[in-house]
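Here the structure comes first, spelled out in structure tokens, and everything after it is commentary.
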Amino acid sequence: MLMHTLSVDTARPAPGAPCEAALPVLLANQVEKTYPNGTQALQRLKLSIERGEFVSLLGPSGCGKSTLLKMFAGLESPSAGHVRWWGKGSLDTDQPGQRMAMVFQEATLMPWARVADNARLPLDLAGVPKAEGNARVQAALELVGLGKFGGVYPRELSGGMQMRASIARALAVQPNLLLMDEPFGALDEFTRNRLDSDLRDLWRSRDLTVVFVTHSIYEAVFLSSRVVVMGARPGRVLADVAIEGPEVRDEAFRTSAPFIEQCARLSALLAEANADSAH
Amino acid sequence: MLMHTLSVDTARPAPGAPCEAALPVLLANQVEKTYPNGTQALQRLKLSIERGEFVSLLGPSGCGKSTLLKMFAGLESPSAGHVRWWGKGSLDTDQPGQRMAMVFQEATLMPWARVADNARLPLDLAGVPKAEGNARVQAALELVGLGKFGGVYPRELSGGMQMRASIARALAVQPNLLLMDEPFGALDEFTRNRLDSDLRDLWRSRDLTVVFVTHSIYEAVFLSSRVVVMGARPGRVLADVAIEGPEVRDEAFRTSAPFIEQCARLSALLAEANADSAH
Amino acid sequence: MENSARPLLADPRFQRIAAPLFVGLVLLALWQLLCVTLKVPTYLVPTPLDIGRTLVADGPMLFAALLVTLKITFLSFALAVLLGVIAAFLFVQSRVIEASLFPYAILLQVTPVVAVAPLIIIWVSNTTLALTICATLVAIFPIISNTVLGLRSVNPGLLNLFRLNRASRWQTLLRLRIPSALPYFFGGLRIASGLALIGAVVAEFVAGTGGTGAGLAYQILQAGFQLNIPRLFAALFLIALTGVLLFSLMAALARVSLGHWHESEQG
Amino acid sequence: MENSARPLLADPRFQRIAAPLFVGLVLLALWQLLCVTLKVPTYLVPTPLDIGRTLVADGPMLFAALLVTLKITFLSFALAVLLGVIAAFLFVQSRVIEASLFPYAILLQVTPVVAVAPLIIIWVSNTTLALTICATLVAIFPIISNTVLGLRSVNPGLLNLFRLNRASRWQTLLRLRIPSALPYFFGGLRIASGLALIGAVVAEFVAGTGGTGAGLAYQILQAGFQLNIPRLFAALFLIALTGVLLFSLMAALARVSLGHWHESEQG
Amino acid sequence: EALRFGLNWLPQAEMCGFYQAQASGLYQEAGLDVELVPGGPDRNIPLQVAAGDLQLGMGSSFTTLNMVQQGIPARTVAAFLQKDPQTLVAHAGQGVETLEDLKGRPIMVAKFSQAEFWQFLKQRYGFSDSQLRPYAYSSVPFLADPKAVQQGYITEDAHLLGKELKEPPVSILLADYGYDNYATTVFALDSYIDAQRDAVARFVAASRQGWSECARGDYAAAMQATLAANPEHGEALYHFKMKQMRERGLIDSGDAAVQGPGAMSDARWKGFFETMSAAGVYRPDLDYRRAYTLEFANSGAAVATQER
């Protein structure tokens, strides 16, 4: 039921169907980012993300994952190179089928607003009618296990609950492009696994492209159609790995041989990335 | 070398040696916590932590782990019941051998101070001479991989780097009691594993009692001498599990049968805890 | 360690009222004692009892004057808040607008009322309006300054959230900048409420007509000319009391608006 | 989209100075035009050119007067900052102290200088000191109010960190509350700098002796009586200019102290 | 004998006699070390005298009546302007010639004057408070409105306002209409007079001498001293004021014509008090005789010095 409320959007296109001349949803072309203090966070980074992909970014702490994600969200501008959204040089999320939402690394809730109001913010900003907004927010809150906490203020929540509130805020948008920066890092494994599954189901049932930052290799393999391993100082793409797995993934997949194998492979890549940045 | 600078303290007592009439370092007796808004975070919780233990708290998000840890730090007072530190009703951390440090769930850095100054704060407050403080801070920063970042401001760090800075701040104290609230949640697995090992080494080499909140069962089993599983709404202790393992734990332990077995057992307990709080 | 059946003395609400009253009583007693033992003449510093007697004796007259002053105070305070907030909204739209116009807002503050009052009198024949304008000039700057500061003190993460969701300038202002600015804004209100009062008094000094319908400033001036010092102090006492009440009102407003989330109103 | 070789016009530092000057020039031109076309008599509103001529002709005299006023302004500003900050430190020690004493701080703000100046003159025979006290009374309250607000607006997480490390009251004040309070404190400074200036002018009006060593208020007063309106406006211009410079100084101070970490100084 | 004399305004020509006595050494000859303390718009000279900050103060008939009414024993010892220079000014050509023409018109009156001449106008000529308009220490509003009427001083109206007007304004001197307030008086606390009777006498005598010289037109020394203390006053205005004072007999009309500058009379004090108490400014039972003494200014010795 919850899933339903959050996935009223058009079903996802059949895989391989030609869509809009197959322009990538996101394209980072030779992107560089140097912060004002001189830190080079990204170097000549090239990454293209197609419609309907679920791409996870893995990489050592400080390698530029958040920077890249913010750039995809249009919140940072590259120092060189450029980013394209659906083939265009600027984001226009009013376009149907091009709605975007993002979960930041911090919960980023408004301290003066109740949880439900916080989660309804993007809908309010987009002019979604109150009643519909409330229904979507309630569904999203229940999905993340905060159904009873819509009326409290953020400071009355635990750290993990705050993070879940911010996830609910993004889900309520029913986005077509979802950028998530370590969304489940502060959650217990049980809740995390459940939300992993829910997210994967959501992704399968809708026209949804996800870019997902995580530190959990298991999570990355479980969720993704593709995993990008980044290296640090300066941030760049070290490996771009397609994940093999069934369309419908369940707990069984987590213990399957291909799963463990792919995890091991990524683990090795990641160790390389770390060694690389520690040199 | 780093380990050395951070472990100049007296070596830990031989296990089983009678110490101060064997009073527990921490004792929570029938502790309750009801927040002003009526949320009951803890209910009649009883927990005793002996000197030299490494206790991990596991539990679903919002079950009161942070509340309990803050109570152990003397930052929240129980609504009922009481807490004892080294057998006394109040904390007196000036006492030698009773130094305490805490890593909060958020990085909690002062935005106006550079990373090194942030990490040196507890030392400054305790009146540690500048030169010694700087050496300890630098060692701690290098331990967490921020050796070159002492001079930047917190907002110029990535999320994981901020968290590591706050870990360095706690380690520089050379505490006897270390409270850590999901310290490694925002770190990549590689860094996390390394810090796990370093923390375990530190614990072994000094008179150090650790209370550690984590969502990673693997981490809990790898690190702890004891794991406490908590349940939610209201928060209470569901299970108290002693961990079997060698004194010196390495990557081999992570793949050993007892390790996997104990993880599975905790996983089941945690699933119960979740089911319990979702009912 | 909380106690639901808290004794009255430890209740913060009780303290907030009782403590200043107690301090006030002690100060008044001390004042009375000093005046009596040092035989300070009444025309130099009257005793609190003298002032109290005058307050009673001249009560109706002083109270009528107070009402006149209060009217100007409230009108100018309302105007200062309204215009000040609008100006702050404008300034915060861009650094260039702020840089271009802020210096001219400072003019409002640093121009002596005495110097501009004659011009205002020429253009505005209605005395109440003229006085209100003068007092507004005195009160408006702290509102502008603190509100601009508050509107700028926005959590960068939240600002990103709003940008991400393509919030319009107006939406960002309404739903992000204004709530973030409230603590600063209320700080501005606290300062401006007192300034509106003192502005009303100063305006009356300079541009008031005097005579029958005059406010407290007139009473103060006349009492000064006639060396009726107890009456002067009685009038000052009324002004001070009004100031404290206004301030408490602003503080209460801040508590109601911010108590549930901002740290300045906690503990 | 950043550009290291930014054109001069887009440089914020350049804008900060050029934009208000440009607006000022436009306003002056408009003023001149209006005065000339509407044939406004000089005694009502002199043209900018008249004022400029007077500024040049009476320059030495006005400048000497400005120096006198500046001296009072700086003395009283320094005193207001010092005493205001001490008072704020005191208030923030406990809610009871704050509740007990804050109302008496409000007295400082709402007591008209005109009413207390005669008393101050009797007690303090040194004119400079008397003027400084009057001006300090005018300027001190925003410092107290904003600093208290700032000292209270502390991140609760950081407060926990300090409590955890058994920081003394003094350490918490010095290393946590003061840095947290800076944005509010500088807001208070911005308001108080202007008030110290206007306070100095008002104090001179009320308590100054006039004559050779007198400040700008005396020039304004005399120019007013003698209907030398261009000179009056020239003096006002000097006051306004001083106010803007003082404000800019405070803003620059805030930028230097907060630029590297506080959001109010970003963007 | 050191002695601080508080002037009620910035140094100006209306204080001629005191500056003359100071500048030409009359006070010094009398064995007095006099400091002329300039006043300002909101200085409270009576309060400073009452507090002992000043020994002597400059005021008007009102000053000591106010003090006595408030229970502060103080007396006026000399009055150097027999006619109060207070005027009401109107623009020329607005049909204003006499005081009666102003009845019912809006008039800009300083608050300072509202308990003084305004009460007299209300009592004697039936003016009413509804005519009051603010006077903001500036004549600009007057100049801007041809119908405006404001308070002024006979000593400066034509000079200051005249230069901005096509025709000189109409000044109505209230003294010509029975407003017999003494201006530029010297007063002191009773206690001071009792203790320093001799010094007061010498001060009054020397001041009378100074005022006599001013009345004769020998005011060069006074003018120099005044302009030194208040450079903004201007020489032209000084001469104009002196001319007005002499032409209108402000210094040496009335009792002064017989007894020399500074002289007062019981009858005039009585008449003035009765007018003002009828207007409600003073309690009818107030002993107005305690507000002045003729002992100093009306002594024969003073007349003799005048003819030195």
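By letter and in written order, the chains are A, B, C, D and E; residue numbering begins at 1 in each of them.
By definition in this document, contacts are C-beta pairs under 8 Å (C-beta built on N, C-alpha and C of every residue); 3 or more make two chains touch, one makes a residue touch a chain.
No experiment lies behind these values; they were computed from the predicted model shown.
**Student:** When all chain pairs are ranked by how many C-beta pairs they have in contact, which pair ranks first?
**Tutor:** C-D
**Student:** Farthest from subunit B in C-alpha centre terms, which chain would that be?
**Tutor:** E
**Student:** Could you put a whole-Å number on the gap between the CA centroids of subunit A and subunit D?
**Tutor:** About 50 Å separates the centre of subunit A from that of subunit D.
**Student:** Using Cα averages as centroids, what's the distance between subunit C and subunit E in whole Å?
**Tutor:** Distance between chain centres: 40 Å.
**Student:** Centroid of subunit A to centroid of subunit B, CA atoms only: how many Å?
**Tutor:** 30
**Student:** Two-or-more-chain contact residues of subunit D, please, as numbers and ranges.
**Tutor:** 44, 114, 118-119, 122, 155-156, 205, 221, 224, 262 - these are the residues of subunit D that touch more than one other chain.
**Student:** Which residues of subunit B are in contact with two or more other chains?
**Tutor:** 106, 155
**Student:** Where in subunit E do residues touch at least two different other chains?
**Tutor:** Within subunit E, the residues that touch at least two other chains are 44, 47, 51, 137-138, 140, 144.
**Student:** What does subunit A use to touch subunit C in their complex?
**Tutor:** Answer in residue numbers: 70, 73-75, 91, 93-94, 100-102, 104, 106, 108, 110-113, 121-122, 124-126, 153, 155.
**Student:** For subunit C, which residues count as touching subunit D in their complex?
**Tutor:** Those residues of subunit C that touch subunit D are 12, 15-17, 19-20, 22-24, 27, 44-45, 95-96, 99-104, 106-107, 109-112, 114-115, 118-119, 122, 141-142, 145-146, 149, 152-156, 183-184, 187, 190-191, 194-195, 197-198, 201-202, 205, 217, 220-221, 224, 232, 235-236, 239-240, 242-244, 247-248, 262-267.
**Student:** Could you list, by residue number, the parts of subunit D that touch subunit E in their complex?
**Tutor:** 41, 43-44, 61, 114, 117-119, 121-122, 125, 205-212, 218-219, 221-227, 229
**Student:** Touching residues of subunit E toward subunit D in the complex: what are they?
**Tutor:** The touching residues are 10-11, 37-44, 47-48, 51, 53, 137-140, 143-144, 160-161, 163-164, 228-234, 237.
**Student:** Which residues of subunit E touch subunit C once you look at their complex with the stated criterion?
**Tutor:** Those in contact with subunit C are residues 44, 46-47, 50-51, 66-67, 69-72, 109, 111-112, 114-115, 129-130, 132-134, 136-138, 140-141, 144-145.
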